[in-house]
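All chains are identified by letter, namely A, B and C, in their written order; residue positions are counted from 1 within each chain.
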Amino acid sequence: MEELTYTTVGRTELVDVTSAVAESIAGKPGSAVLVYVPHTTAAVTINEKIDAVLVADLERAFEQVVGDDWRFEHDDIDGPNGPSHGRASVIGANVVIPLRDGEMALGRYQAIFLCEFDGPKHRSVYVSVLA
Amino acid sequence: MEELTYTTVGRTELVDVTSAVAESIAGKPGSAVLVYVPHTTAAVTINEKIDAVLVADLERAFEQVVGDDWRFEHDDIDGPNGPSHGRASVIGANVVIPLRDGEMALGRYQAIFLCEFDGPKHRSVYVSVLA
Amino acid sequence: MEELTYTTVGRTELVDVTSAVAESIAGKPGSAVLVYVPHTTAAVTINEKIDAVLVADLERAFEQVVGDDWRFEHDDIDGPNGPSHGRASVIGANVVIPLRDGEMALGRYQAIFLCEFDGPKHRSVYVSVLA
(Lines give C-alpha, C1' and ligand atoms only; values in the text may rest on other atoms or scores of the structure.)
Protein backbone atom coordinates (compact mmCIF):
# COMPACT_ATOMS: atom_id res chain seq x y z
CA MET A 1 0.00 0.00 0.00
CA GLU A 2 1.37 3.39 -1.03
CA GLU A 3 0.40 6.64 0.66
CA LEU A 4 0.16 9.91 -1.25
CA THR A 5 -0.22 13.18 0.63
CA TYR A 6 -1.86 16.45 -0.31
CA THR A 7 -2.56 19.82 1.25
CA THR A 8 -5.85 21.25 0.10
CA VAL A 9 -6.64 24.94 -0.19
CA GLY A 10 -10.40 25.37 -0.62
CA ARG A 11 -13.27 24.27 1.56
CA THR A 12 -14.55 22.15 -1.33
CA GLU A 13 -11.84 21.26 -3.84
CA LEU A 14 -11.29 18.54 -6.43
CA VAL A 15 -7.61 17.60 -6.76
CA ASP A 16 -6.49 15.54 -9.79
CA VAL A 17 -4.40 12.66 -8.37
CA THR A 18 -4.28 10.54 -11.53
CA SER A 19 -0.59 10.93 -12.35
CA ALA A 20 0.53 10.32 -8.78
CA VAL A 21 -1.60 7.17 -8.59
CA ALA A 22 -0.21 5.94 -11.91
CA GLU A 23 3.38 6.51 -10.75
CA SER A 24 2.81 4.75 -7.45
CA ILE A 25 1.68 1.54 -9.16
CA ALA A 26 4.12 1.54 -12.10
CA GLY A 27 5.54 -1.92 -12.73
CA LYS A 28 3.36 -3.68 -10.16
CA PRO A 29 1.49 -6.71 -11.52
CA GLY A 30 -2.21 -7.09 -10.70
CA SER A 31 -5.74 -6.79 -12.05
CA ALA A 32 -7.02 -3.60 -10.41
CA VAL A 33 -6.05 -0.54 -8.38
CA LEU A 34 -7.80 0.51 -5.18
CA VAL A 35 -7.69 4.23 -4.40
CA TYR A 36 -8.85 4.91 -0.84
CA VAL A 37 -9.28 8.04 1.29
CA PRO A 38 -8.89 7.46 5.07
CA HIS A 39 -10.95 10.53 6.01
CA THR A 40 -14.59 11.23 6.90
CA THR A 41 -14.93 14.64 5.23
CA ALA A 42 -13.09 13.81 1.99
CA ALA A 43 -13.79 11.33 -0.79
CA VAL A 44 -12.56 10.11 -4.16
CA THR A 45 -14.33 10.13 -7.52
CA ILE A 46 -13.72 9.73 -11.23
CA ASN A 47 -14.75 12.42 -13.68
CA GLU A 48 -13.51 14.58 -16.55
CA LYS A 49 -10.22 16.43 -16.19
CA ILE A 50 -10.22 18.41 -19.42
CA ASP A 51 -12.38 21.40 -18.56
CA ALA A 52 -11.56 23.48 -15.47
CA VAL A 53 -15.03 25.00 -15.68
CA LEU A 54 -16.54 21.55 -15.22
CA VAL A 55 -14.41 20.90 -12.14
CA ALA A 56 -15.84 24.07 -10.58
CA ASP A 57 -19.33 22.94 -11.63
CA LEU A 58 -18.81 19.63 -9.86
CA GLU A 59 -17.55 21.32 -6.70
CA ARG A 60 -20.72 23.42 -6.56
CA ALA A 61 -22.95 20.46 -7.43
CA PHE A 62 -21.49 18.25 -4.69
CA GLU A 63 -22.18 21.07 -2.20
CA GLN A 64 -25.78 21.20 -3.38
CA VAL A 65 -26.37 17.43 -3.27
CA VAL A 66 -26.05 17.76 0.52
CA GLY A 67 -27.03 21.32 1.42
CA ASP A 68 -25.32 23.57 3.94
CA ASP A 69 -28.77 24.75 5.05
CA TRP A 70 -30.06 21.28 5.98
CA ARG A 71 -30.48 20.38 9.64
CA PHE A 72 -27.12 19.24 11.06
CA GLU A 73 -26.37 19.26 14.79
CA HIS A 74 -22.82 17.84 14.71
CA ASP A 75 -20.26 20.35 16.00
CA ASP A 76 -16.81 19.19 17.08
CA ILE A 77 -13.22 20.43 17.04
CA ASP A 78 -13.55 20.90 13.25
CA GLY A 79 -16.68 23.03 13.66
CA PRO A 80 -20.22 22.34 12.44
CA ASN A 81 -19.14 20.35 9.38
CA GLY A 82 -22.04 17.90 9.12
CA PRO A 83 -22.61 18.66 5.42
CA SER A 84 -18.95 17.78 4.72
CA HIS A 85 -19.47 14.35 6.28
CA GLY A 86 -22.64 13.84 4.26
CA ARG A 87 -20.91 14.71 0.99
CA ALA A 88 -18.05 12.32 1.79
CA SER A 89 -20.48 9.40 2.09
CA VAL A 90 -22.47 10.30 -1.01
CA ILE A 91 -19.32 10.44 -3.18
CA GLY A 92 -17.57 7.57 -1.36
CA ALA A 93 -14.22 6.68 0.16
CA ASN A 94 -12.89 4.49 -2.64
CA VAL A 95 -12.74 3.77 -6.33
CA VAL A 96 -11.44 0.59 -7.97
CA ILE A 97 -10.01 0.80 -11.49
CA PRO A 98 -9.13 -2.20 -13.66
CA LEU A 99 -5.59 -2.70 -14.91
CA ARG A 100 -4.99 -3.55 -18.57
CA ASP A 101 -1.46 -4.36 -19.76
CA GLY A 102 -0.10 -2.95 -16.51
CA GLU A 103 -1.83 0.42 -16.76
CA MET A 104 -5.09 1.76 -15.40
CA ALA A 105 -7.86 1.25 -17.94
CA LEU A 106 -9.17 4.79 -17.52
CA GLY A 107 -11.45 6.15 -20.20
CA ARG A 108 -10.06 8.84 -22.47
CA TYR A 109 -11.53 11.70 -20.44
CA GLN A 110 -11.38 10.13 -16.98
CA ALA A 111 -9.26 11.36 -14.10
CA ILE A 112 -9.19 10.38 -10.44
CA PHE A 113 -10.03 13.25 -8.08
CA LEU A 114 -9.45 13.54 -4.36
CA CYS A 115 -12.57 15.40 -3.18
CA GLU A 116 -11.94 17.78 -0.30
CA PHE A 117 -15.16 18.73 1.49
CA ASP A 118 -13.78 20.37 4.64
CA GLY A 119 -10.55 22.08 3.68
CA PRO A 120 -8.04 23.40 3.89
CA LYS A 121 -6.50 20.23 5.36
CA HIS A 122 -3.65 17.75 5.04
CA ARG A 123 -5.00 14.63 3.34
CA SER A 124 -3.78 11.15 2.49
CA VAL A 125 -4.70 8.92 -0.43
CA TYR A 126 -3.92 5.20 -0.14
CA VAL A 127 -3.16 3.21 -3.31
CA SER A 128 -3.10 -0.61 -3.44
CA VAL A 129 -2.75 -3.01 -6.35
CA LEU A 130 -5.16 -5.96 -6.17
CA ALA A 131 -4.15 -9.33 -7.65
CA MET B 1 -10.44 -7.74 -18.53
CA GLU B 2 -13.50 -8.22 -20.68
CA GLU B 3 -15.27 -5.38 -22.49
CA LEU B 4 -19.02 -5.32 -23.01
CA THR B 5 -20.58 -2.75 -25.32
CA TYR B 6 -23.99 -1.12 -25.35
CA THR B 7 -25.87 1.49 -27.33
CA THR B 8 -28.20 3.49 -25.16
CA VAL B 9 -31.43 5.11 -26.33
CA GLY B 10 -32.61 7.56 -23.67
CA ARG B 11 -30.92 10.58 -22.16
CA THR B 12 -31.12 8.88 -18.75
CA GLU B 13 -31.45 5.11 -18.97
CA LEU B 14 -30.72 2.16 -16.71
CA VAL B 15 -29.59 -0.90 -18.68
CA ASP B 16 -29.55 -4.31 -16.93
CA VAL B 17 -26.11 -5.81 -17.66
CA THR B 18 -26.25 -8.64 -15.10
CA SER B 19 -26.47 -11.58 -17.52
CA ALA B 20 -23.72 -10.27 -19.75
CA VAL B 21 -21.42 -9.73 -16.75
CA ALA B 22 -22.17 -13.25 -15.47
CA GLU B 23 -21.39 -14.77 -18.88
CA SER B 24 -18.14 -12.86 -19.22
CA ILE B 25 -16.77 -14.27 -15.95
CA ALA B 26 -18.10 -17.83 -16.21
CA GLY B 27 -15.51 -20.39 -15.14
CA LYS B 28 -12.95 -17.83 -13.99
CA PRO B 29 -11.63 -18.40 -10.46
CA GLY B 30 -11.43 -15.47 -8.06
CA SER B 31 -13.00 -13.80 -5.06
CA ALA B 32 -14.79 -10.79 -6.56
CA VAL B 33 -15.88 -9.13 -9.81
CA LEU B 34 -15.10 -5.53 -10.69
CA VAL B 35 -17.59 -3.84 -13.04
CA TYR B 36 -16.22 -0.53 -14.33
CA VAL B 37 -17.54 2.19 -16.65
CA PRO B 38 -14.80 4.15 -18.50
CA HIS B 39 -17.00 7.20 -19.06
CA THR B 40 -17.62 10.52 -17.28
CA THR B 41 -21.36 10.83 -17.93
CA ALA B 42 -22.31 7.21 -17.22
CA ALA B 43 -22.08 5.07 -14.09
CA VAL B 44 -22.90 1.64 -12.68
CA THR B 45 -25.16 0.72 -9.78
CA ILE B 46 -26.92 -2.22 -8.18
CA ASN B 47 -30.66 -2.18 -7.59
CA GLU B 48 -33.86 -4.15 -8.13
CA LYS B 49 -34.59 -5.55 -11.58
CA ILE B 50 -38.08 -6.98 -10.99
CA ASP B 51 -40.29 -3.91 -11.38
CA ALA B 52 -39.99 -1.80 -14.55
CA VAL B 53 -41.86 0.98 -12.75
CA LEU B 54 -39.08 1.15 -10.16
CA VAL B 55 -36.44 1.43 -12.88
CA ALA B 56 -38.26 4.49 -14.23
CA ASP B 57 -38.53 5.85 -10.67
CA LEU B 58 -34.77 5.50 -10.24
CA GLU B 59 -34.07 7.24 -13.56
CA ARG B 60 -36.16 10.22 -12.43
CA ALA B 61 -34.67 10.18 -8.93
CA PHE B 62 -31.08 10.20 -10.21
CA GLU B 63 -31.98 13.22 -12.37
CA GLN B 64 -33.33 15.00 -9.31
CA VAL B 65 -30.35 14.19 -7.03
CA VAL B 66 -28.35 16.52 -9.32
CA GLY B 67 -30.80 18.97 -10.86
CA ASP B 68 -30.86 20.18 -14.46
CA ASP B 69 -31.68 23.66 -13.15
CA TRP B 70 -28.58 23.97 -10.94
CA ARG B 71 -25.77 26.30 -12.00
CA PHE B 72 -23.51 24.52 -14.50
CA GLU B 73 -21.23 26.40 -16.89
CA HIS B 74 -19.60 23.44 -18.65
CA ASP B 75 -20.43 23.34 -22.36
CA ASP B 76 -18.35 21.25 -24.77
CA ILE B 77 -18.80 19.19 -27.91
CA ASP B 78 -21.42 17.15 -26.04
CA GLY B 79 -23.38 20.26 -25.10
CA PRO B 80 -24.09 21.69 -21.63
CA ASN B 81 -24.14 18.32 -19.88
CA GLY B 82 -22.80 19.32 -16.47
CA PRO B 83 -25.67 17.60 -14.62
CA SER B 84 -24.80 14.34 -16.42
CA HIS B 85 -21.23 14.55 -15.09
CA GLY B 86 -22.51 15.25 -11.58
CA ARG B 87 -24.85 12.25 -11.64
CA ALA B 88 -22.03 9.98 -12.84
CA SER B 89 -19.90 10.88 -9.80
CA VAL B 90 -22.76 10.54 -7.31
CA ILE B 91 -23.65 7.05 -8.54
CA GLY B 92 -20.03 6.03 -9.23
CA ALA B 93 -17.90 4.41 -11.91
CA ASN B 94 -17.58 0.96 -10.36
CA VAL B 95 -19.17 -1.76 -8.28
CA VAL B 96 -17.38 -4.77 -6.78
CA ILE B 97 -19.39 -7.93 -6.15
CA PRO B 98 -18.13 -10.95 -4.18
CA LEU B 99 -17.91 -14.36 -5.82
CA ARG B 100 -19.29 -17.43 -4.00
CA ASP B 101 -18.78 -20.88 -5.50
CA GLY B 102 -17.79 -19.27 -8.79
CA GLU B 103 -20.89 -17.10 -9.14
CA MET B 104 -21.67 -13.52 -8.19
CA ALA B 105 -23.19 -13.41 -4.71
CA LEU B 106 -25.96 -11.04 -5.77
CA GLY B 107 -28.98 -10.73 -3.53
CA ARG B 108 -32.23 -12.26 -4.76
CA TYR B 109 -33.54 -8.97 -6.16
CA GLN B 110 -30.24 -7.39 -7.19
CA ALA B 111 -29.20 -6.59 -10.73
CA ILE B 112 -26.26 -4.62 -12.10
CA PHE B 113 -27.28 -1.56 -14.12
CA LEU B 114 -25.26 0.53 -16.51
CA CYS B 115 -26.52 4.07 -15.83
CA GLU B 116 -26.63 6.27 -18.91
CA PHE B 117 -26.84 9.96 -17.99
CA ASP B 118 -26.08 11.59 -21.35
CA GLY B 119 -27.50 9.33 -24.02
CA PRO B 120 -28.02 8.17 -26.55
CA LYS B 121 -24.39 7.01 -26.79
CA HIS B 122 -22.17 3.99 -27.39
CA ARG B 123 -20.90 2.77 -24.02
CA SER B 124 -18.43 0.22 -22.70
CA VAL B 125 -18.52 -1.77 -19.48
CA TYR B 126 -15.28 -3.39 -18.29
CA VAL B 127 -15.42 -6.60 -16.26
CA SER B 128 -12.45 -8.02 -14.32
CA VAL B 129 -12.20 -10.94 -11.91
CA LEU B 130 -10.14 -10.15 -8.80
CA ALA B 131 -8.15 -12.92 -7.08
CA MET C 1 -16.80 -15.04 1.94
CA GLU C 2 -18.17 -14.46 5.42
CA GLU C 3 -21.76 -13.45 6.10
CA LEU C 4 -22.70 -11.18 9.00
CA THR C 5 -26.35 -10.74 9.94
CA TYR C 6 -28.20 -7.85 11.55
CA THR C 7 -31.73 -6.95 12.54
CA THR C 8 -32.42 -3.26 12.10
CA VAL C 9 -34.89 -1.27 14.14
CA GLY C 10 -35.47 2.09 12.44
CA ARG C 11 -36.71 2.91 8.97
CA THR C 12 -33.39 4.66 8.29
CA GLU C 13 -30.58 3.48 10.53
CA LEU C 14 -26.79 3.43 10.39
CA VAL C 15 -25.33 0.35 12.12
CA ASP C 16 -21.60 0.30 12.94
CA VAL C 17 -20.29 -3.04 11.63
CA THR C 18 -16.56 -2.26 11.89
CA SER C 19 -15.68 -4.64 14.72
CA ALA C 20 -17.59 -7.54 13.22
CA VAL C 21 -15.90 -7.01 9.84
CA ALA C 22 -12.49 -6.86 11.52
CA GLU C 23 -13.14 -10.10 13.42
CA SER C 24 -14.35 -11.91 10.32
CA ILE C 25 -11.10 -11.23 8.44
CA ALA C 26 -8.64 -11.67 11.32
CA GLY C 27 -5.59 -13.65 10.25
CA LYS C 28 -6.53 -13.81 6.57
CA PRO C 29 -3.80 -12.66 4.19
CA GLY C 30 -4.68 -10.27 1.39
CA SER C 31 -4.48 -6.68 0.17
CA ALA C 32 -8.04 -5.40 0.66
CA VAL C 33 -11.43 -6.17 2.18
CA LEU C 34 -14.70 -6.05 0.25
CA VAL C 35 -17.80 -5.28 2.31
CA TYR C 36 -20.98 -5.91 0.32
CA VAL C 37 -24.69 -5.59 1.02
CA PRO C 38 -26.92 -8.01 -1.00
CA HIS C 39 -30.03 -5.82 -0.70
CA THR C 40 -31.71 -3.15 -2.82
CA THR C 41 -32.92 -0.87 -0.01
CA ALA C 42 -29.77 -0.98 2.14
CA ALA C 43 -26.20 0.15 1.51
CA VAL C 44 -22.77 0.45 3.11
CA THR C 45 -20.71 3.56 3.76
CA ILE C 46 -17.71 4.81 5.70
CA ASN C 47 -17.99 7.77 8.03
CA GLU C 48 -17.25 8.95 11.56
CA LYS C 49 -18.27 6.78 14.48
CA ILE C 50 -17.34 9.08 17.37
CA ASP C 51 -20.36 11.38 17.58
CA ALA C 52 -23.85 9.86 17.88
CA VAL C 53 -25.29 13.23 16.92
CA LEU C 54 -23.47 13.05 13.60
CA VAL C 55 -24.87 9.59 12.90
CA ALA C 56 -28.38 11.00 13.33
CA ASP C 57 -27.40 13.93 11.08
CA LEU C 58 -26.30 11.50 8.37
CA GLU C 59 -29.50 9.47 8.63
CA ARG C 60 -31.54 12.64 8.06
CA ALA C 61 -29.23 13.84 5.29
CA PHE C 62 -29.42 10.56 3.37
CA GLU C 63 -33.24 10.80 3.56
CA GLN C 64 -33.06 14.30 2.10
CA VAL C 65 -30.62 13.44 -0.73
CA VAL C 66 -33.51 11.39 -2.20
CA GLY C 67 -36.74 12.91 -0.91
CA ASP C 68 -39.81 11.03 0.27
CA ASP C 69 -41.95 13.59 -1.54
CA TRP C 70 -40.40 13.00 -4.97
CA ARG C 71 -42.45 11.17 -7.62
CA PHE C 72 -42.13 7.41 -7.09
CA GLU C 73 -44.67 4.94 -8.48
CA HIS C 74 -43.09 1.69 -7.28
CA ASP C 75 -45.34 -0.16 -4.80
CA ASP C 76 -44.78 -3.84 -4.07
CA ILE C 77 -45.05 -6.25 -1.13
CA ASP C 78 -42.73 -3.94 0.83
CA GLY C 79 -44.95 -0.92 0.18
CA PRO C 80 -44.17 2.27 -1.75
CA ASN C 81 -40.47 2.29 -0.88
CA GLY C 82 -39.04 3.90 -4.01
CA PRO C 83 -37.04 6.48 -2.03
CA SER C 84 -35.36 3.63 -0.10
CA HIS C 85 -34.20 2.11 -3.38
CA GLY C 86 -32.89 5.47 -4.57
CA ARG C 87 -30.91 6.04 -1.37
CA ALA C 88 -29.37 2.57 -1.62
CA SER C 89 -27.96 3.35 -5.08
CA VAL C 90 -26.70 6.81 -4.12
CA ILE C 91 -24.77 5.45 -1.13
CA GLY C 92 -23.79 2.18 -2.83
CA ALA C 93 -23.74 -1.57 -2.19
CA ASN C 94 -20.04 -1.94 -1.44
CA VAL C 95 -16.91 -0.43 0.02
CA VAL C 96 -13.35 -1.72 -0.46
CA ILE C 97 -10.79 -0.99 2.25
CA PRO C 98 -7.04 -1.62 1.91
CA LEU C 99 -5.26 -3.98 4.29
CA ARG C 100 -1.98 -2.89 5.91
CA ASP C 101 -0.03 -5.38 8.04
CA GLY C 102 -3.08 -7.63 8.17
CA GLU C 103 -5.50 -4.98 9.42
CA MET C 104 -7.91 -2.62 7.69
CA ALA C 105 -6.19 0.69 7.00
CA LEU C 106 -9.13 2.72 8.28
CA GLY C 107 -8.54 6.33 9.15
CA ARG C 108 -8.56 7.26 12.83
CA TYR C 109 -12.20 8.38 12.79
CA GLN C 110 -13.54 5.99 10.17
CA ALA C 111 -16.09 3.27 10.78
CA ILE C 112 -18.00 1.03 8.38
CA PHE C 113 -21.77 1.47 8.55
CA LEU C 114 -24.52 -0.75 7.24
CA CYS C 115 -27.12 1.75 6.02
CA GLU C 116 -30.70 0.59 6.50
CA PHE C 117 -33.12 2.58 4.33
CA ASP C 118 -36.28 0.45 4.64
CA GLY C 119 -36.26 -1.07 8.12
CA PRO C 120 -36.91 -2.73 10.32
CA LYS C 121 -35.55 -5.76 8.44
CA HIS C 122 -33.17 -8.69 8.70
CA ARG C 123 -30.02 -7.83 6.75
CA SER C 124 -26.82 -9.53 5.64
CA VAL C 125 -23.37 -8.08 5.10
CA TYR C 126 -20.87 -10.08 3.05
CA VAL C 127 -17.16 -9.78 3.77
CA SER C 128 -14.42 -11.04 1.42
CA VAL C 129 -10.65 -10.65 1.52
CA LEU C 130 -9.12 -9.81 -1.87
CA ALA C 131 -5.60 -11.03 -2.70
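Rule of thumb we're sticking to: a contact is a pair of C-beta atoms (placed from the backbone, for glycine too) under 8 Å apart; a residue touches a chain by one contact, two chains touch by 3 or more.
As the structure is a computational prediction, the values presented were derived from the model and not from experiment.
J.: Taking all residue numbers at the chain A to chain B contact, is the shared part over half or under half, that is, same or different?
T.: Different: fewer than half of the residue numbers at the chain A-chain B interface appear in both copies.
J.: What's the rotation, in steps of 5°, that superposes chain B's Cα atoms on chain C?
T.: Superposing the C-alpha atoms of chain B on chain C needs a rotation of 120 degrees.
J.: So how far apart, in whole Å, are chain A and chain B when each is placed at the average of its C-alpha atoms?
T.: The mean C-alpha positions of chain A and chain B differ by 20 Å.
J.: Show the residues in chain B shared as contacts by 2 or more other chains, in ascending order.
T.: 65, 90, 92, 96, 130-131
J.: In their shared complex, at which residues does chain B touch chain C?
T.: 31-32, 45-48, 50-51, 53-54, 56-58, 60-62, 64-65, 90-92, 95-100, 105-110, 130-131
J.: Chain B touches which residues of chain C in the complex?
T.: So the residues of chain C in touch with chain B come to 1, 34, 36-40, 65-67, 70-74, 76, 82-83, 85-86, 88-90, 92-94, 96, 124, 126, 128-131.
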